[in-house]
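These are the structures, in structure tokens.
Here chain A shows up in two complexes: once beside chain B, once beside chain C.
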Partner chain A sequence: MSFIGNLILATVRMAMPILFIALGELYSERAGMVNIGLEGLAAIGSLVGFLMCFITGSTWLGILCGALVAVLVNMIYAFATINLCADHTVYGMAMNIFAPALASFIYRVYFGKGSELSQITLMKGIGIPVLKDIPFIGALLFNQTPMVYIAILLVIVTVIFFSKTRAGLNYRAVGENPQAAATLGINVIRTKYIACVLCGALSGIGGAYLTTCYSNTYTEGNIAGRGFIALAAVIFGRWSGVGILIACLFFGFCDALQIRLQVMSIGVPYQFFQMIPYVATVLALTIIGGRKLGPKAAGKPYRKEQR
Partner chain B sequence: MAKSGKSLIGFIVPLLSILLAIAIGAVIMACLGANPAVALKSLVTGAFGSKPNIGTTLTKATPLIFTSLCACFAYKCGVFNLGGEGQFIIGSIAACYVTLTTGITGVPAMLIALAAGAVCGGVWGFIPGILKITRGQNEMIISIMFNYIATLLMGVVYTNWLRDGSVPQTQSVPKESQLPRMITGMRMTWGFAIAIALGLIIYYFLYRTSGGFKLRAVGINATAARFNGFPVKRFILLSFVISGAIAGLGGSAELLGTQFRLINGFASGYGFDGVAMALIGQLQPIATILVAIFFAALRAGATTMQAATGVPTSVSDIIQALVIVFTVAGMALTRLSSFEAFLLRHSHKKEGGKSA
Partner chain C sequence: MKKVMALLLAGVMALSVPAAASFADDGKEYKVAMICDSSINDGGWGAACYNAMVAAADENGWTYEVSDNIGQNEYYDSIAAYCALGYDMIYAPGNQYTDAVLQAAEEYPDIAFALLNGADTVPGEAVNGNVTSLLPNAQQIGWIAGALAGLMTKSGTIAFIGGMELDTTLGKYAGYGEAAAYVAKAEGREVKLLDPVYAGSFDASDKGIEFAKAMIDEGADVFFGDASAVDSGARQAIDEANKAAGEIKIYDIGQPADILGQNECVICSQVTDNSAMISVSMQAVEAGTFGGETIYGSLQNGGLSAGAMSDLVPEDVQAKYQEYLQQMIDETFMADAQ
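Let's turn to the complex of A and B:
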């Protein structure tokens, strides 16, 4: 396939983990929960996804378990920030330290000190009938792993949920003004917990995607900042589903581009290409500036007595 | 609540968290088939059992003290510098260039390398700082991105620019430019002394000077500080630069004192570790140093423990992670109004009992 074709294919593939994690963060922030522990959640999701897939041979089971364990880990964050009113940023950071430590501990205990790399079989691509036969585009966009279709579907569902449904508006109210939402009979605490379940699950899926759909092995630090890039994607995508999709495709493109350039170039140290996604994130944030467009009560503790 | 009560809680909560985390660690050890008592004993022996062991512990503590002071300083001004690792690495790269390429050796090389490390670390901290105050950016994301950029830049240095033959690492710092040991028979170098001195200076600055007072005021309430006429933005930028310089100095001290060469995995995780230790130490510089030494002891001891009982060293990472999870949650718990009311009721009862 052509250079451009490969690039687009890789762009879609590389955008997916960031997209899942960023959508998780969107659900979190819409309920007023700024969770910067995404990197950690993705790390534990990635490990569990890999491990379950390694044991059972099923990528689906791996992704499911990755999501479940990430939800469980995120419940610690939920309890501390919702019930104990801990600072979101500080606690998110605590999760960023806790979850990867847990992941690497489990990995080391399970695989011991064996030096040989354990590998799994990646999830296979499924072509969508008819659409996949469209020349050029068909092979690129409609012959992907099912996770790609799920992610796109998720974006559509998210957009409809937040803009067209009553439940979505209630959900958003919790992130904008929880006290007012509570007086309208919305269960603020429950909504926040739901947000943390969704955020944990999606971050876990994003992490598990890396081991079950992208690289067939687990290495420490394999999330490589995608949790934080996802945070940037939410800001860059202005808290809208479509915006986040575009932002993630942009970051996916940067990742895809750097891999292509690494392969092509001779003489330039490859690390300079690897810097591209991180530099792009900084530039993207610098261009968009710090206008506060997000949910107004994001990151603020909700205390019932403060009405 | 009274001020003494609050600082008492700030002491009790981390202590309880550490004990709880160690208890869970012991359960994990038991689950792995080791005798927790034996494992914990070998952990303590490994960390403090002999003069060389204490030296190893303090050597491991040195970089952690620097990165935790880095996190502590920025957070005192209300900004979250998560870029300690990148600033640390940039400092070590600068030190590497000074000692390997300028031809200067001995004490002058050490001093220039340390200064260069601090300056370059400060520059690396300046970037997220200036983007924060001019573009209103999320300093956490930016500083983390610069961690990855610094790590990759270090990769270029040890695989290309200063590569030592066929091995992907830089040459070793010449013997005469390495930081000397403080005490014979113990591994820790004067880098440790610099770290402690720095902690004391930061403590003095933050709590005994008007500049430090203003910086903390900005950290507690930026709006109020602005109304008082404090140059809030300048303080935020300054705190980022100094915080970066602290980490950069640490990076050069680590290179000159302990590691001697840049190699894959250098400084990995030090930044976040520093943040954890600063938070557990309640952002008090002196307490932060003690916490850093404690975690260094845990790591130094974990090696002995692994040799003695087969429990993997990563147990120490789990314990550290649990301490931060418990401490932050515990501190939040004590700030809840229902908890304060409970304490108040309890203390009233006591007083009532006395007077009756």
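Let's turn to the complex of A and C:
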């Protein structure tokens, strides 16, 4: 395969975990919940996904359990911010501190202080009949793990849900003006909890993707800032499903490119290439994220009696 | 503030159960603590360094403890916490801990600090003379891997993956390249060593996967590294490439422990016997003579060696490789090239 083909493949691999997490944040923010604790949620999802896969041998069960545990952990954030009207940023950061520490604790309790490398069998790729045989793009787009297809499907569903369905419009209304939404009979509290469930589940899946579809080992810190990049992707993607997909592919491309440029041995100090994803993120947010386009009530506490 | 942090950490560490409780010959209970920024079950550097400490502690009747996966901003606090708990020796396996070790060594003059891969100038910089460098010969480490890479490469392109750009990493890279080129030239071939790549950390296994895939695309068919869990990721990618090809034709040389069998692609390992150097340090602590020196690990004193060979290495190649290893021990390797 050509340099470009391999670069695209690497881009897809590196973008997928960010895409799941960013879609989770989209569902959260559309209901007015600015959850910056994505890094922590992905971390616990990653550990639980690996652990369940290691124990049972099932990658699907690993992903499911990763999502469930991340939802449970995110309920702390949900209760504090929805019921207690606590500050979203403070509790999001608390999640980023608490959840990775919990993951480390569980890992150490289960595996002890052994030095043996634990490895699992990753989810296998599935080629879509006929489509996978299309020259060039067939191998790139239609010979991936099922999770990649699910991610793309999720983007399509998200776009349709938010722009073409009554339920989606009601959901968005909660993030724009919850008081007005409540007067229309929309259950704001329930919608916000649903948002937290979706955010936790998708962030957990994003983390579990890393340890069930990407790397067959678990290392602490393997999320490596993807939760924060996902936050940037939501802004860069202008709170739309397609925009987020493009943003995630862009960030994945930058990371894949810096790795390939390092390998190409063109005599430039490697630190320059390592800067590329971060510089691109800053530039993208500066250019695209300048104007506030997000939900108007994002991050604001909802009190029923408040006018 | 740092002292407060250290005391808090010490409190947490005191709650953890020591891994073993035994006594040295003189009846005193000696304790060693290891800090590590990678995981002790990374299948590479962290695991080997931890096992070396455990082996040395068992041999000398010491109690041991470890804190792994610590961040760069926690190096000093973790060390100081163990010092506050009365540990006799701090074992810091990596050049990157030098500053933290020197700072703690100044503040805790009665505690011994063993710095693996520390430069030979570091003990002289410790104002209390309580630091010893344990220094495996980086060039020889590179030679051990490079000679085999030079013999085994079919494509003529070999690769090296680093975690961070440390002096010891650069030394290993240089030795790897020069040995591979020398051996290949003797075989009538040429070898190209790709520029070193760095993941920027020792735990980004995903970066190891991507580096290895990209280097395989560049034609590399023998890999060596100095990057802990990043190397584990690289080996995963190599195994996947071999599986896709239907045969094992891309190889990896492990380090610093013998990891033959961990992955299909591993054909041999460069083995560093850190336990021998740690054991010497422990005995020096017990004798009250610790500090101010550099303990070298080399092929000559048994500190470095090559591990078991895979069946993937043909017998005639194994024989040639053993000859080259003997030349390295006899200090005649590359003598005609220097």
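As a working rule, the second predicted complex is superposed on the first by the 295 of 307 C-alpha atoms of A that agree within 3 Å, B and C clash if a C-alpha of one lies under 4 Å from a C-alpha of the other, contacts with A are read in each partner's own complex, and residues count from 1 in each chain.
Keep in mind that, in the parts below, contacts are C-beta pairs under 8 Å (C-beta built on N, C-alpha and C of every residue); 3 or more make two chains touch, one makes a residue touch a chain.
Bear in mind the structure is a predicted one, so any value in this text is a computation, not a measurement.
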| item | value |
| --- | --- |
| Combined model on chain A where chain B meets chain C, clash or fit | clash |
| Which superposed partner A:V282 touches (first chain B, second chain C, both, neither) | first |
| First (chain B), second (chain C), both or neither touched by A:A224 | both |
| Dominant toucher of chain A (residue count), chain B or chain C | B |
| Contacts of A:I36 with chain B and chain C, given as first, second, both or neither | first |
| Touched partner set for A:F111, first chain B, second chain C, both or neither | second |
| First (chain B), second (chain C), both or neither touched by A:L84 | first |
| Contacts of A:Q274 with chain B and chain C, given as first, second, both or neither | both |
| Which of chain B and chain C A:S215 touches, first, second, both or neither | second |
| First (chain B), second (chain C), both or neither touched by A:I235 | first |
| Identified clashing stretch of chain C versus chain B [164-172, 272-280, 290-298 or 326-334] | 164-172 |
| Chain A positions touched by chain B in one structure and by chain C in the second | 104, 221, 224, 274 |
| Residues of chain A touching chain B in the complex | 36, 76, 79-80, 84-87, 89-91, 93-98, 101-102, 104-105, 108-109, 221, 224-225, 228-229, 231-232, 235, 269, 271-272, 274-275, 278-279, 281-282, 285-286, 289-291, 303, 305 |
| Residues of chain C that touch chain A when the two form their complex | 19, 38-43, 46-47, 50-51, 66, 69, 165, 194-198, 200-201, 203-207, 209-211, 213-215, 217-218, 229, 232-233, 236, 262 |
| Of all residues in chain A, those that touch chain C in their complex | 1, 3, 6, 10, 13-14, 104, 111, 113-119, 210, 214-217, 219-222, 224, 255-256, 259-260, 262-265, 267, 270, 274 |
| List of chain B residues in touch with chain A within their complex | 32, 80, 82, 131, 135-138, 140-142, 144-149, 152-153, 155-156, 159-160, 268, 272-273, 275-276, 279, 312, 314-315, 317-318, 320-322, 324-325, 328-329, 331-333, 335-337 |
